[in-house]
Structure formats: structure tokens, C-alpha cells
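Below are structures written as C-alpha cells.
Here chain A shows up in two complexes: once beside chain B, once beside chain C.
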Partner chain A sequence: MEMIGEGVKELLHELSVLTVAGHKVEAGQFVLTNYAFFLLIAFVVTVLFFMIGVRKVSLVPNSRLGSMIEMGVEFVRDSLCIESMGPEGKKYVPFIGTIFFYVLFNNLIGLIPGFKPGTGSMGTTVTWAVLIFIVYNAIGIKKHGLWGYLKSFWPKGVAAPIAAFVALLEIVSQMVRPLTLSVRLYANMYAGHVVLGIFSIFTVMLIEASGVMKIMAVLPIALQVVLYALELFVAVIQAYIFAVLTSVYIGGALNTH
Partner chain B sequence: MLGGAVLGAILAAGARVSVGRITPDDPIGGMVQAAALNFLVMMVAFGSLLAVFMFARSAMFVFGASLVSGFLVVAVVWFLGAARTQNAH
Partner chain C sequence: MDALIPKMPEILVALTSFLVLFVILGKFAFPPVTKMLDERAEKIRESLEKAEETRVEAERLLEEYKVQMAEARAEAGKVIEQGRTVAENMKNEIIAKAREEAESERTKAIESIRAEKLAAMAELQASVADLSVAVAGKIIGQQLSAADHAALIERSIAEVGSLHEN
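This part shows the complex of A and B:
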């Protein structure tokens, strides 16, 4: 029972410090956490995946992996960038593509038993969301000028008090975006990880129980398999949502009304 | 340890075969078959972990780690095979 308690504590402790042979991995005041470690792993895997996949670039992909990467990039270009931003979107394919694939690899790596999703830490997702907030506002200001961009929050053709109210709402909704963008990804990944962990702990509890309860352990195991499939779906969907919202925000900053 | 790695490799092969069922002729039916087979693969993995947990608990960590490693090694080998350049005929 004590082991289960420890397991739950470890599961809910979001930022457990990574220890190698009983020692913290630290550099000055910075200490490497479990989530930061898997964030780095995902970074290496993402870079390696694309480096190996596009080693010998040709107009027509000459490897199965090359074809797969081309499909992925085309998806980012057509369905995420051009769809949300119009023809101007092509310029932002590297940015959106990096976000999409890095988030995707982080989410998927978290599904390997014993691994954690780098995106399951609020510090990571908030940093990305704030960065995206700065980027899309900078894009809007660059295109329309500071005054022109600010003016876009003020709706045209309505009475001043209503326009002021709408402008206020618009500013609030802009300010909330980093929070919603980050919490959506973090909460989904962290909660998914915790749910899978809780079911594992639940299984252990049933096995350690006596009599009929032991046999009942089959149920959480079957459910665990279904939950894994669901988490796989969530991992892909959340990466898509994060990237598509980034595209929509940039598109909104580019095409103000 | 070897048992876990071998089982991991076999399960990776099972997952690979199941995905091969998705063909352009019958993508939906193939998806259903692939999902069912992958479900079976997962059940075997969980079942084996359960068996080790119940009968040889001290070997649980080593078995689990080697199971995952065996699966990942085979997956990486296939990944590298997919990255190999194919000559057009």
C-alpha cells in the first residue's frame, strides 16, 4: 500500500527533479526536472527524424519516410497555413511546422511507458504560448503599423459606447489567449498521463486484494488499452489544435478588419 | 531480460503486420482490422506484464524495460529501413 501511495505522489508531482544515480542534474541554479529531460529527448528525436528523413532531398521523394515527411509538410502548408492565413501563410510554414511536429513528438513520446510528455508541464506550454502571443502581435504590428494594428480592435460602423465595449472584450480575449492556449495543451497531456498512471495503480491495488477482487483486475487492464488508444488520438489532436490556433492567431493579425 | 526484449520485438512485428492490413483497396476495413490487432498486441503486452507482476515481481522493472526497449529497437530498425533510398524503376 505504501508503494501505491508513493506511486500516486510521484504521479501528481508535476516537476519531480531528475536524479541520476541518486544525484540531481544541475547547472548553477538550474535543476533538470523529469519533464525538462523528456522535452530534450523529444527535441533530439524530432531533429533526428527530419535529418534522417530528408538526407537526400529530391523533387520526388525516393524513400517511404521521405514521402511521409512530404505528406506532413504539405498538411502543415495547405491545411494549417494557407487555410488560415491565405497565400501569405506559406511564409509561416517553418514556424507552424516546427510547432506542430515538436508538440506532436512530445505528446507521442509521453505514451511510451516510463516516459513523460514534455508538454505535460505548465512551464513549457506557457512559455510557448507567450512566445506565440509575442510573435503574432509582432507580425500584426509589422504589417499594419502599431496604430493600424491597435485600430483593428475598434469595430467600425457601430455606436461609440458599443465599439468601446467590443474593443475591451477584444483586448481581454487577446490577453487570455496565452493562458487558454497553454492550459489546453498542458491539461490534456498531464491529465491523460495521470489517468493512465491511476489505472495502473488501480490494477496493482486489485491484484494485491484478495478473492474475487484479484480477478477484477482484468477490467482496468482492458480499460487501460482503450485509454491508451484514446491518448494516442488526444496526442495527435492536441498537436493539431495547438498549431491550428497559432495559425488562426497569425491569420487574424495579418488580415485585420 | 531476453524474454522481455524478444516479446517486445514480436509485438512490434505484430503491430507492423497489423498496419499492413490498411490498403488502398479497403482502407476502412483495414483500419478496423489494424485497430483490433493492435488492441490484441496491447493486451498481450499488459497480460505479460501482469503475469510477471504476479509471479516474479522482483523482475518486473527489468522485464518491462526490456519489453519497451525490444519494441522500440525493432521500430527504429523499420524506421531506418523506411528512410533508405529506393531506386525508381
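This part shows the complex of A and C:
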């Protein structure tokens, strides 16, 4: 039992934000962290994926990579942008597409054993969530003007006290958005790795045990396969949720009522 | 709890990498793909429209051919009908002419037979008169006087003469 406790402690330390050399990041220290390192790897992979793939995109599809990119971009354009923002959404394909694919590649890269998802740290997700918050509010202000945009929080046709209460709720919900957006992605990625790590510790412990317990190691291994599949699903679905929520926020800012 | 506090280096890397990626993808990746998707959609729309136009044109031509075919059939039927009428008329003319000719031949033959008959009758009458005179002379000659004889001959000649005149 003590072994598990030690293992989990080591795992949590391993999953915490450290320097690439594995040391604790001191306050005010500007150093490349482990998560930032994998974030940059995901950055390079995303750029390469698109730079190689876009050359293979043609009017008559003739490459799998080209078709994958086509499908991805079409999905971002139709199912995320146009669906949430209307025809105006086409303009935001680069922004939503960058969010979707960058988050997706980060999440997927984190599934490679020994790798971490760049999205598994609050630093990354909070930065993006705050950026999204600034962008969608700026879009709303640009379209309706500052006063027009602020007025949209005030419901029409309702008694003033109720309207004020609803407006307050609306503003609070707006303010909370960066937090919910960032924590959702971070927690899913982080928790997924914690679970996979714990099952790995469990497996190692059983393999190192003696007698019948050794055979029991099959169970956590099998479970780990299932969990890996689940994590793969979570990686894709979280990228989708992050991008779709951004689209919905922009759509809400564009089409205020 | 420490894990929940964003670290400045991560914020910088996340922000910079995102903005750089946004610029790269926004310039080199998404526009060509969306442009191609739009072109493809336009091409498919054009092809469908063209196919529809071709289908309508084909149907129009088919309809036209059907009408032409029906007209040609009607024309051919008319020609055949005309041919049949001409042939029928010719047949009737030939038959009528043949009948006429046959009738004429028959009339001629009847005329000829009648003339032949009359001639034969005349010849027969002459022969009968001669023979009768001869026979009568022989029978009567022995009992008649010379004067009777002469008168009888005279009368017979007169009779024969009137017979010839007929």
C-alpha cells in the first residue's frame, strides 16, 4: 500500500509543472517547462501537418492526408463556425480552426507514452481562454458598439428589477467563461493522465508481486487498454468542446438579442 | 494547488505559439483549403446545372424526334395510301379496257358469224331452188305440156330472181 502511495506521489510530481530538466519552477523564473516543451512539439507537428497536407489538397482528392485536412477544415467551417455564427462564421475559420487543431494535436500528443499534453497545464488553457474571452468580446463590441454590446446583456420586455438581476447573472456568467473553459480542458487532460498513471502503477505493482498476484496484473492492463481508448475519445471530444464553445461565444457576441 | 496557478513561462509560450500558429495557418493553410472547397462546391453545382440542362435538352430532342417520327410515319402512310389508290385506279382502268376490248371482239365475232350465216343461208336457198326446180322438172316434166313447162320455168326464174334480190 505504501508502494502505491509512493508511486502516486511520484506520478503527481511527474505531472506537475516542472522545468524540462525536472526541477520545480521558481516564481519569476523564465524557463521552458515540461508542458510548454510538449506544447511546442504540438506546434511543430500542427505546422508540419498542415504545410505538408495543404500541398496535397486538390479539387479531385488524391491523397489521404489531403482528404483528412479537407474534412477537418470543412468540419470547422460548417459544423463549428457556420452552425454557431451563421454565414458570417466563415470569416472566423482561421481562428476557430487554429484553436481546434492546436488543442487536438496537443491532446493527442499527450497520449504517446512518456509525452504530456500541452493542454494539461493551467498556464496554457487559461491563456487561451482569456484570449478567447478578449476576442469574442472585441468582436461583439466591434459589431454593435460598446454601448450596443453592453445593452445586449439587459433583457427586453422584463420589469427593471428582474432585468437587472438577469443582467448581473449574464455578466457573471460571462466573467466565469474563461475559468470554465480553461478548467474543463485542463482537468480532463490532467485527470486522464492521472488515471492512466495510477493504473500503470497498479500494473507494475502486481507484476512485481509474487504468485497469483502476478497473473492479476492482466486486469489493470486490460483496463488500461480500455482507458486509453477512452482517453483518445476524450482528447478529440475536448478539442471539439473547446472549439465549439468558442464558436458559440463568438456567435453570441455577433448575434445579440 | 500549485498546479492550478498559471506559470508565466507557460503563458508566454502558449500565447506566442498560438498567435504564430494562427498567423501561419490563417495565411497558408485555411485559405487555400476553404478556397478549394468553395471551388469544388461551385464546380459540383455547375456540373449539376449542366447535367440538368443536358437532360432537359435531351428530353426536348427526344420529344422533337418523336414528333418528327410521327410526322414521317403519317407521311409514309399517306404515300402508301396514294400508291394504293393509284394502283387501284390503274387496275380498274385496265380491267375496264380489257372488258371493252373483249366486248368489242365479241361484237365483231357475232357480226361476222351473222354475215357468214346470212351468206350461207342465201347460198343454201339458191341451191335449194335449183334443186327444187330440177326435181320438180323431173317429176312434172313428163306430164306438163311444152307451154306449161315454159311458163313454169319463167315463174321459177322470176322467183329465183326475186330471191337473189333479197
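One rule holds for everything that comes next: the second predicted complex is superposed on the first by the 225 of 257 C-alpha atoms of A that agree within 3 Å, B and C clash if a C-alpha of one lies under 4 Å from a C-alpha of the other, contacts with A are read in each partner's own complex, and residues count from 1 in each chain.
Going forward, a contact is a pair of C-beta atoms (placed from the backbone, for glycine too) under 8 Å apart; a residue touches a chain by one contact, two chains touch by 3 or more.
Fair warning: this is a prediction, and the values are worked out from it, not measured in the lab.
Superimposing the complexes on chain A yields a three-chain arrangement in which chain B and chain C fit side by side.
With both structures placed on the common chain, the touch criterion links A:L65 to chain B but leaves chain C unconnected. In the superposed pair of complexes, A:K56 makes contact with chain B only, with no contact to chain C. Of the two partner chains placed by the overlay, only chain B lies in contact with A:A217; chain C stays clear of it. Of the two partner chains, chain C is the only one that A:G28 touches; chain B does not reach it. Once chain A of one complex is fitted onto chain A of the other, the partner contacts of A:I112 are limited to chain B, with no touch recorded for chain C. Contact with chain C, but none with chain B, is seen for A:V93 once the two complexes are overlaid on the shared chain.
Touch criterion met: A:W128 reaches chain C, while chain B stays clear of it. Superposition on the shared chain A places chain B and chain C such that, viewed from the Cα centre of chain A, they span 70 degrees in steps of 10. If you count the residues of chain A touched by chain B and by chain C, you find the higher number for C. Between chain B and chain C the least C-alpha distance in the superposed model amounts to 14 Å. Within chain A, no residue touches chain B in one complex and chain C in the other. Within the complex, the chain A residues that touch chain B are 52-53, 55-56, 60, 62-66, 68, 112-114, 203-204, 207, 217, 221-222, 224-225, 228-229. The touching residues of chain B, when paired with chain A in their complex, are 35, 38-39, 42-43, 46-47, 50, 53-54, 64-65, 68, 72, 79-80, 82-88. Of all the residues in chain A, the ones that touch chain C in their complex are 15-17, 25, 28-33, 35-36, 39-40, 43, 46-47, 50-51, 54, 57-59, 69-70, 73-74, 77, 90, 93-95, 97-98, 101-102, 118, 121-124, 126-128, 131, 190. Chain C meets chain A in the complex at residues 2-15, 17-18, 20-22, 24-26, 28-34, 36-37, 39-40, 43.
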